[in-house]
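One structure is given here, and the rest of the page talks about it.
By written order: A, B and C. Residues from 1 in each chain.
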Amino acid sequence: MSLRAATRVTRSLSGLLPRWGHGQAPPLLFSQQRNNSTSPKIRVEFNPTSGVAVMHMQSPPVNSLSLDFLTEFCIGLEKLEMDKGCRGLIITSSQPKVFSAGLDILEMYGKSPERCGEFWKAVQEMWLKLYGSDMITIAAINGSSPAGGCLMALTCDYRIMADQPRYTIGLNETLLGIVAPFWFKDTMANTVGHRTTEMALQLGLLYDPSEALNVGLVDQLVPEDQILSAATQTMTKWLAIPDHARQITKSMMRKPTIDRLTSNREADIQNFVNFITKDSIQKSLRAYLEILKKKKT
Amino acid sequence: MSLRAATRVTRSLSGLLPRWGHGQAPPLLFSQQRNNSTSPKIRVEFNPTSGVAVMHMQSPPVNSLSLDFLTEFCIGLEKLEMDKGCRGLIITSSQPKVFSAGLDILEMYGKSPERCGEFWKAVQEMWLKLYGSDMITIAAINGSSPAGGCLMALTCDYRIMADQPRYTIGLNETLLGIVAPFWFKDTMANTVGHRTTEMALQLGLLYDPSEALNVGLVDQLVPEDQILSAATQTMTKWLAIPDHARQITKSMMRKPTIDRLTSNREADIQNFVNFITKDSIQKSLRAYLEILKKKKT
Amino acid sequence: MSLRAATRVTRSLSGLLPRWGHGQAPPLLFSQQRNNSTSPKIRVEFNPTSGVAVMHMQSPPVNSLSLDFLTEFCIGLEKLEMDKGCRGLIITSSQPKVFSAGLDILEMYGKSPERCGEFWKAVQEMWLKLYGSDMITIAAINGSSPAGGCLMALTCDYRIMADQPRYTIGLNETLLGIVAPFWFKDTMANTVGHRTTEMALQLGLLYDPSEALNVGLVDQLVPEDQILSAATQTMTKWLAIPDHARQITKSMMRKPTIDRLTSNREADIQNFVNFITKDSIQKSLRAYLEILKKKKT
């Protein structure tokens, strides 16, 4: 399967992240794109007066988390983190109907172990930087947010989701035969508790906005066209708190979870590479790509 | 007090597991039976087409968890576990009005330390096997489920309870002067969280079905006559998930809790034996048996 | 600023613990008082028949947790703990509109490191004694309860709050640029879970009674004039449980949290002293005291 073909298929599916149900094909977990490699995948608007940056994810079709995307994301994040004037970050999507479709499947299919390892390290890096950020981080979830997209949202301090019933959010890795690693699990359990996480991860549950609000996966629902203003309003509330005390408090809450990955980072990479390069898993991924392809034709 | 007398007393109380309240006698925590020792205490129906087994607990009067019962239960579980064709297990009761009344009090009263230790090891074994099962496990709770009966239900992946207000469920050990061990506590905290567990265990709370649903002790209520069909329906949903990914995910969620017992198993047995053979505790158990006896007469 | 002036300022604010909102001054976190040093700050009524003691906090104006207060509190607690006849303790306030305004700011401002360390050790001692108490402990929260006052309530077994919308409760330390230490955090997380704690601590949230009930920060709301009778009624329910089993269960739930502080006690003191004696923090505290002063004039 050519990259070009994969890209076309994905693009057509970007708005079709279905809620999981009987007799349905598994929803789009991952996506893939390689074109536009010269256009920036991230656009950052920083307002020095308010101290707030807005990061627009603009990688067509569905903000899939490719190695290139993650690298750009982390560089952007690091720049803001080092800017003393930047106190808050809002993350949102410029792509229609999707926040981020999650990890790029093409980074995991038919790739060398070395490349897979490099990719996974970038996924870890994104999480470590964002979960441990000194900035106030708000996810303005203006579209579906499965798998890695959900992780990115969970890693922020606050989540506002567009109240559009067709959008879904969740760590649905099992549906593809993939397993969310322990730090995805920890991040979700820190947000919605052990039991909800246990069931959601086993079943690969995708929640619609009101369900997500109900279990605590997101904090607030607003009409889609008000999502940025709502995020800004919430940000103002958080900005009123003295930075230093808030940062120490945030670190106290999250450090044990971050430390678990930091001290097991190499093993976690090895674990991912061993798992993803298995014949059976590659076969699953191929089957999934075939489904996408057939859907297209 | 003869075993026969105890049996008779219990039998008469099997349907009387009251909700705890002021001025009421403590509810039936444990039960005892020694008759029917030749009849199987467990009946397993396995459907190779669906890959689902139904385990009927049929140990009169109240499916008390005696050493014999637990041994049979674990053998049945192990057989199913080893059968590659068996992917799901539904556990339910054939006894009226009770799922399981919990640990058999006669295994703890007037027994030698060795025997008590043997019994406790079997309780551990049941929990270890069930909590760590690779199968999808669903408790179809068609009756009251105090103490060890509640533990068994909590140890499954999903709990459906008959919506009959007279049925109750909970870890009510303190009411008898007994203490739920740390792995009962861990299992409950993994399900309903720390605070609910702290209060429920201290007070020995028994919840009626709607309360149990409300705190998350059970996942779903259905009319009693629909409990097996509801369990089957839920099972179908879980069966749609690729086994391998689901099993790894389940293990990731539960392994830390399982490891805590595995690495402290002998100490936990010793702890139980020391506690249960104390004069004061034996006196409590005797008093409880007397209450049961008086209730009968 | 003289102690007398500080005292006067605080006194005038004792009933003004506002709910946090935009454009408002930060609420009263701490308070200070040095007068009445000869009057007892705690009054204990013990009823030998019921086995229940009621501890009235009566340190004007707002039951601030000064070193003297904490010392008296711990001595009172220890006496009751050693009295075999005392099985339950209700903690309430004799001051109008406030349960306890939390740690005394004057114990932290302009004090020597040695004195700060002594003070912090007393705060630890209060928590260790109360969280690990063998008695049944019920907080009858008949007024606002910010910061250390909230900690004291959280440290009990059960919380009943007066249903008066002007009263608030929460760990709002960040509002003053201070950080709640890890064991404040652990106590709150054990009560309301990780996510609610993460957000509440970062934002320094103060909850009104119905919000507090909703997130589980308190267990029950009653009209203010019924708070002691409600506490007594709940106590009766808890007294029905055999002490020994309840105590072991309580210890099992709380020991890991207590052990974390016990094994890090010196480091925690050093950490507090280093933090609180920083120029920037002292400046924050001074600014806060100035705000109180201006409010007065």
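Definition applied: a residue touches a chain if its C-beta (ideal position, glycine included) is under 8 Å from a C-beta of that chain, and two chains touch if they have at least 3 such contacts.
In this text, all values refer to a predicted model and were calculated from it rather than measured experimentally.
Could you tell me which shape the graph of touching chains takes: line, ring, star, complete or other?
complete
Quick one: superpose chain A on chain B by CA and send over the rotation angle as a multiple of 5°.
120
Between chain B and chain C, what is the gap in Å from one C-alpha centre to the other?
Using C-alpha averages as centres, the distance is 40 Å.
Multi-chain contacts in chain A: which residues touch at least two other chains?
193
Please give the residue numbers of chain C that touch chain A in the complex, ascending.
It comes out as residues 22, 173-180, 182, 185, 193-195, 197-199, 201-204, 280, 284.
For the complex, give me every residue of chain B touching chain A.
157-158, 189-193, 216, 219, 236-238, 240-242, 244-246, 248-250, 252-254
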